[in-house]
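The structure follows.
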């Protein structure tokens, strides 16, 4: 089946910053992304869990599949938000169907 | 004093306090007992809606007191000032960095709505009346402390990038979910009054204390987990602060209440608000505004030390003192 | 007219309507107030179970009316026909593509169970009786509109791949969760009757209106978010459709109710069903059957325009008209 | 026998049992009706808290019976022994491997708290008193069966890696969420007594049966899905075991109850506990301890066969037998 | 540690189609997959969120790790379902432990 | 933008074993990971779903982004827990921002 190269960017970011990040992505012209829940985790600031919490706590994962040539735009937009905060940005190579959608 | 202890004892043996203790025990004993996040959020929506609505109905019934404005202003002043006091204390008593101290201070200037709810329940169980608009005061006290804390952090030489404040954050703080729900429900109660209450009292009144039990069970679990994992950050100085600060806050709250002329019940609530520390709205704001501050210090102090202190000893003491000074 | 407005005013100032307004405000003001998905789903399960069960108990009490079959058939006919009318109107009044118009039409032929629940609550608050089996009629009206809409889409020259209809989708539509729960709870109520009700009335009756408040708060939030993000798709024509269509639907519903000989309460409910637009079952069916139709148009219209219209002006008006024409 | 059948019939037509049947139907008919995981967990927390608390209040009221210790020990003995019997039966009646048979046996030695809750509800609906501490007995019976099952699995020549037992698992089993909550709520009820109950009875008593309905609806859905997908693993032998085992268990439970001298209500509860099979705590423990055992066999048997058997025929039968032998 | 090459396929699909997709996978002999929740996202059809929604709305992520030689079978089965709908299919290269399980 | 090579390890494991796995990771010096929910799935032991379940059932996904040189440590720690159980471990190549965080 016909596939096309793309980049899959996964951004872990604190939940209170989710909207800031997605707005920044949209402002940079990145129109497609998905937000996945994260139940808990651990890092340099210790262990955490969403269980029983009430406020907008914890982290979310934002996944964005884009054409390779748009990667730098995305990373710059994302990094401007993530920079002062805890969080993680990783980029993988993928193949996608229906490249016209990206 | 003897009476105060017996009151405290009586307060300790309610299903609410014991539910909190059960949650604390479960977490510290590493039981996997837990409340789903969605259920905890829904219970908090219920409690905010119910307490706001009942406050509004009370105001609809008794009319607006001449003290309303004064109480609001008093509460706002407390919320602005308590962080300065807390910051000073923390810098003197602990080794927390200015940034961490400012973040903790924001939590103590703001309020814990569940502590307020528990105090209201204790008051009405003892038949002590209080001003219905105190829920509006509670809402007004959520945000100002954040301003003071950010000012403290900036002043203490926060490097570029350490203090992140923008219009968007203001918007988020002022329209955060618990403020909107509390004030909204208060207005709904004030508009629909007794007729509205008659329609939904089997929901907002009858099961209230039961829901509060399960919510406190969850708070106990979360607090217990925090205490377990954050043992390292909790020095003796930090711990003492978590007990001294509510007492100081309550004292300031009492002063304001006396100045304004609140009833004994209202004064007990004002003391409770001043003594309590936020663990919902402020933590999220601090993650945005002071990202380099360690969130587990504030949360463990607010939820693991001050919250149970207020629940068990604070509220009965504030009530007794307010009654002794103001009478019924 | 004056009386109607006062009725509307009275209806507007209930905790339910005000809770919806609060949610709407919160979303439009971009507050982060939100209800967890799991809690919203659970509240809808509760409301469906309670309303179905109470309908069943009412039937067990009063026996099956000779009009039951007629009411079911009337409701089904309305559900089949309203989409044709809606489609025609949309094509005339708006620039929606045939596919989008068909999708919207499906929503309006089907029903909104929360609108129905609210109408039932309003009726019982005013002491107006209605046929218990109207909940079964509501269930029967969920699906037929989908058939009409798919037929409309296919006829309007849907290209290959635009209309996806198969046995599996039929199965999903006819056994969708809300139909099964509503009909199931109705049967449970009918079988267990007053004895069954006595066991669970503290659950299905007493707190009902309170739960409805929180559910409407959530609906307000979802509707407000839809309105905010879908401003572009909502032209003046689309907006007018969202208000005209329920009035037309209610008129058709009234005609059917008069033909059948329903009570004033039953007629008001039939009008409400015909006037209301689905926002749960039909959207999912349309995503499968008409994947190229834009879901946000239908949802914004149904939930953002027609739902609040029915809640505030529709229901009191339908009740007043039904009472005027049928008497008590 | 005639009376027994009529009792069973009467029991079958309660909202609870019919709600379970509705869930079963929905799942088998492949309706997408489902209850969110968070809501199901919250309902189970509510039921555990309420039943534990009410048991504690009953003990506070009537004082501790001299039979408490005996009942606890009897329950623990049953929990240890029933797995041996179940294992023998399974090896004789089915082709399950020793490992799978041991895992199933653990479920039957342990208890199903919802079956217990339903039996309590049936008893109080019939005005039959029972010992409040039976909830503590229920908690005590959760874990011992796991020990027996692991011993059985190890003895039957589990290869290395098939039996995974360590201190951590013990800790998890003994402090699992339902034991901690049940015992904790029991103690809270015992400590706060009638005064505590007065504060929260509108929460733990009034809506209890209604919540149980929705929980049983969910259990029906989960059971139905299990039955649908696990048809292959359910041979006739397995199926017969699912019906014979509760009868045998109840008989043993009756023996113990007679030995101890429990009341008729208490005996019916002890029979129910012995007859019921765990579907919450034990499955998780088995995934850790016997990872190679097929979880769907145990779950389908416990939830799809034995649970509905107990709900419909078992509980009324156990009650009738206990009353016949012990009187009121 | 001994690892083996495999493909990780991630399919974002609308929730009402989840069962259709998983049934199609099983019909094509793809026996292993996992379904992850998606909280919200944005794309050409705008922004959405699952919060407060009642019906079967939004999207889910289906993750499937398979032997490379089975990739085409999987893609064809998935594409037949996804084709007329919104959604995304991306494929990445991974290494797996315990290849005998795939 | 400056990126660095890393490994993204995704471990699917039964929920009752989550704490055992994360403790094993921490014991092996792996300090950062995130836990994502899994709604359901299928495998050799059949289909399952979390819907309506009450106990600690189903699976969770644990995601761990680490420096390549730490991969073996991680895999050994994870495998010791996963070995007797059902579950899946897959490893992909990614680029990360802010390598100093790993």
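Letters are used for the chains, namely A, B, C, D, E and F, taken in the order the chains are written, and counting of residues starts over at 1 for each.
The criterion applied here is as follows: a contact is a pair of C-beta atoms (placed from the backbone, for glycine too) under 8 Å apart; a residue touches a chain by one contact, two chains touch by 3 or more.
Just so we're clear, the structure is a prediction, and the values are computed from it rather than from any experiment.
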Neighbour overlap between chain A and chain F returns E
Show me the overlap between the contact partners of chain B and those of chain F. A, D
Based on mean C-alpha positions, I'd like to know which chain lies farthest from chain A. D
D-F against C-D, pair bridged by the larger set of C-beta contacts: C-D
Remotest chain, chain B as reference, centres from CA atoms: E
Averaging only over C-alpha atoms, locate the centres of chain B and chain E and give their separation in whole Å. 45
Cα centroid separation, chain D vs chain E, in Å, comes to 38
Just how far, in Å, is the C-alpha centre of chain E from the one of chain C? 34
Can you work out the whole-Å distance between the CA centroids of chain E and chain F? 18
Which residues belonging to chain D are in contact with no fewer than two other chains? 32, 34-39, 41-42, 172, 202, 206-207
Out of chain F, which residues touch more than one other chain, so two or more? 36-37, 47, 56, 92-93
Check the chains against each other and report every pair that touches. A-B, A-E, A-F, B-C, B-D, C-D, C-E, D-F, E-F
Show which residues of chain C lie in contact with chain B when the two form their complex. 13-15, 18-19, 22, 25-26, 29-39, 42, 125, 202, 206-211, 213-214, 217
Under the touch definition given earlier, write down the residues of chain C that touch chain D in their complex. 36-39, 41-42, 45-46, 49, 53, 171-172, 175-177, 180-181, 184-185, 187-189, 191-192, 196, 199-200, 202-204, 206-207
Which residues, counting only chain E, touch chain F once they are in their complex? 1, 3, 6, 8, 22, 26, 31-37, 60, 65, 92-98, 101
Which residues, counting only chain F, touch chain E once they are in their complex? 10, 12, 36-44, 47, 59, 61, 72, 75-76, 79, 82, 88-93
Give every residue of chain D touching chain F within the complex, in rising order. 34-37, 40-41, 44, 161-162, 164, 168, 172, 218, 221-222, 225, 229-230, 279-281, 283-285, 287-288, 291-292, 294-296
